[in-house]
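These notes are about the structure you will find just below.
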Amino acid sequence: MGSAAEMDRRLRPPPTKGASSVARVTDDWYIACRSEALSGKKPLACTLLGIPLVLFRDGDGRAHALLDRCPHRNVPLSLGAVRDGQLECGYHGWRFSGDGACRFVPGLCGPHEARGRRVEAFATRELDGFVWVYTEADREPVREPFRFSLLDDARYTHVPYSLDLEGTMHAAIENALDVPHTAYLHGGLFRKAGGTKNRIRVVVRRYHDRVEAQYLDEPRPPGLAAKILAPSGGTVEHYDRFILPCIAQVEYKLGDDSHLLTSAAFVPVSDFETRLYSVVSFRLPLPGWLVAPVLRPVALRILKQDAEMLREQNAMVHRFGGEQYISTEADVLGSHIMRLLRNAERGEREPSDEPWVKEGELLI
Amino acid sequence: MGSAAEMDRRLRPPPTKGASSVARVTDDWYIACRSEALSGKKPLACTLLGIPLVLFRDGDGRAHALLDRCPHRNVPLSLGAVRDGQLECGYHGWRFSGDGACRFVPGLCGPHEARGRRVEAFATRELDGFVWVYTEADREPVREPFRFSLLDDARYTHVPYSLDLEGTMHAAIENALDVPHTAYLHGGLFRKAGGTKNRIRVVVRRYHDRVEAQYLDEPRPPGLAAKILAPSGGTVEHYDRFILPCIAQVEYKLGDDSHLLTSAAFVPVSDFETRLYSVVSFRLPLPGWLVAPVLRPVALRILKQDAEMLREQNAMVHRFGGEQYISTEADVLGSHIMRLLRNAERGEREPSDEPWVKEGELLI
Amino acid sequence: MGSAAEMDRRLRPPPTKGASSVARVTDDWYIACRSEALSGKKPLACTLLGIPLVLFRDGDGRAHALLDRCPHRNVPLSLGAVRDGQLECGYHGWRFSGDGACRFVPGLCGPHEARGRRVEAFATRELDGFVWVYTEADREPVREPFRFSLLDDARYTHVPYSLDLEGTMHAAIENALDVPHTAYLHGGLFRKAGGTKNRIRVVVRRYHDRVEAQYLDEPRPPGLAAKILAPSGGTVEHYDRFILPCIAQVEYKLGDDSHLLTSAAFVPVSDFETRLYSVVSFRLPLPGWLVAPVLRPVALRILKQDAEMLREQNAMVHRFGGEQYISTEADVLGSHIMRLLRNAERGEREPSDEPWVKEGELLI
């Protein structure tokens, strides 16, 4: 009979060459929650990059983020209460201010503050209706969060949504910015599989902190979503864009009348859990109140199909113990996004004015 | 306080000496599915030896088996569709022929076929109403699958059934061919515990690819099933048989009138999951249409008791991190089956005409 | 892309310094079950220190404890039956006496008893309505179990209860003997947070097998439970006590009329599962039949709050891969209990007459 080690070695398919698109860029900002989700009365638990955090507001309404673990007996601080602008643990009543310092230890006769009683604190920003957190503890941020543009432009209608996805943040972002899958996974809703194809040019421009694909001479695609977007047909100006560490943008323009910008902030909740906060901002010949109710169910169905496929991909990757991907020229942005993420993980984001540029072709 | 390593070391019972009856004979055939389960329209997922496979039929209706993972982005190909006799991935629409070659990459302007875009293919055979798969990828089979005999003999009635079991394939096969447990686990249904016992002779014959136990001078056992089998009593001719890599047979004869052969093909779905495809073929003094409805509920109840015991055994083996078995002369075939499986794992199945023979005794 | 090893490395919060309050004192006694739970007809499965045990009564009604794994094919013996005062396995019918010896192997023609067919046996005692088991196999106990006192004193009313907790035995015992958390976790029920506090003296006395905290000059605390306990107010005599390996006692006295002793035997079911068997014994100015129905719901609510907090603590400790606790003078007994447990794990319990004594202060 075999050895005991064999026992734990669940039978597996032939192992992959071993690769994973997990990326952990920690010296940057991610959305922790919507502003409205964080009341002034109760703390809120959230997870970023696998780190359990507790959010709360002080007496001035400022949001703070601490490690969600009491230094005393390690229970989640998010089970506690906000008391006089401080966070009180629900087990023994220890209290912490927004900077992580311990201010009160019930029962104790000596001094209450002590270095060992601190809890790690994370920088926060509240912008565009979101609370952002910088994911290095007790550090001054070296940059500021991404801003959702167009929110103040009265000509635009804004449709927000959020979603939880299974899979790495990279897999989710590649999916969001990928063109060819739309004809298959979303066939009929977005682009159609089969039929006559157009050979179009794609220009990729990679900067130090972002990469962009511009699709030239793209005809209005068939499908329901495209009809809403561009009722009169014509040539589409189309950009897909990734911005470090977690932003995906899809932008469509048709002349001066039609403009649609989807900005999605992805959140690496943990290595294989990704949350998505997205805002679709558009300006169309039709009034926004008319378009939004039509656009929403189509967008939700597309998102649901993507979420399901990412879930299946993630499960198969785990079953094989890693990724083993093959790419072609039709995978326009995935490898560039990975390159930017890996550089950022190593702290390499040297600014440069000149982008790296490459032109290719795609059948759409 | 203890070390962090201790943290993960869940408290365990005293460890076993470390043994496992997991066997992975890969250069052989296992049943992937019933023929009728594989339509010409949809692919079908199945798992053999832990390897996720996708089955589909080409334009001529021939069954093919590929690794169930698209080489592009690793999603299960079984989520896709059969298109023009090829398998199309549901994510980006890549298409594969039955030999695993990539035939089409949507969006791509260059050539579509490339060595790196292949998916591993497994040989298949369709026989006796089952699709068999050879579990070495991209290899010519060195032997052919087991054939269910008697299926064409009009004098026999055939009752098929299948079942999912928890536990190693060896544990399931040993259980299927074990005599003493029937008086306890199936007490009353099959053989009775206690009461007067008969001392009978057992002859074990081990060949290069099989092992057989012949029970001599065995009286008709008491119990309901035996009464159906041999209404007029008499001496039973009884064989229990294992054939590499996964077949268990139990055969009973009473003179010329009564003959019952149960052939079970076990499938090592993974190390500790075993599926069973079985056919009971019988010829009795009573007509088959009368016996089958009586036989089926008794057989199902026996199988359910065995499945439950195997599940408990498997759970306890995992709790201890391995098997620690003690055998006696009453465990007639288990160790011989293990020996054949271990030899087959190492590729050692040298044919020889002369069997290894041993005679023993058993109280039944 | 990263390495395959990275794949399994689920994203984690910054690791703790690595500590765990798991303690495995094996040369001692734990409660396996209540006497009434072990009938003379059926075996009973239970787990102590992660070891699966089967309990059964022999022909004289004596309780026995064996490892719950048949040495033959490793199925749980607790699935079997008690036959003529012996334990019979439900798979093949092997039979064992209370000392673990194999007495019968069905089907076997040779001798039935053999050294290799033994199953490990554990010493038992039946006392105060509980079955205790000594957790070293095949060993003479070096001490006797803890006795619940006062059970025979007719002046006392006794209220038993039991509960399953998630977390180490140490975490559960520290919680049971901790004073400061009562004002927060059980605020209102027991002690009140905020308000005027009394500075009281605490004397800790640590012996070779126990540690005790005596609270001096403690006023009757506010809160409902305290009102029931001491309707006329006054100064409370209060002791919190830990006795190796698993006993926690909380004792309150008010003059000659009122006395309440809670004795809890904790059971380390596994490293992070702890069961509690407790008896509250009290003598009060009010009749017991009047007090018990009021006391019980309050006690149950307190226990439920503790169980929930221990569960959250345990989950967070696992999320971080270990404990990282900071203690203050207000954590009166926790570190002493840990010290006694660690010494006992190493077999160090040298008796000494003189306790180690320390005096401190606490605000209550």
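The letters A, B and C name the chains in turn, as written, and every chain counts its residues from 1.
Following the convention adopted for this analysis, a residue touches a chain if its C-beta (ideal position, glycine included) is under 8 Å from a C-beta of that chain, and two chains touch if they have at least 3 such contacts.
Predicted model, so just to flag it, every value in this text is computed and none were measured.
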item	value
When chain A is superposed on chain B by its C-alpha atoms, the rotation angle in degrees, nearest 5	120
Chain C against chain B, contact positions shared by both copies (same if over half, else different)	different
Length of the line joining the C-alpha centres of chain B and chain C, rounded to whole Å	46
Chain C: positions in contact with at least two other chains	317, 323
Of all residues in chain C, those that touch chain A in their complex	1-14, 178-181, 183-185, 193, 199, 309, 312-313, 316-317, 319-320, 323-330, 361-364
In the complex with chain C, residue positions of chain A that touch it	15-22, 24, 49-52, 67-69, 71-76, 79, 88-93, 105-110, 116-117, 120, 137, 268, 270-272, 317-318, 321-323, 338
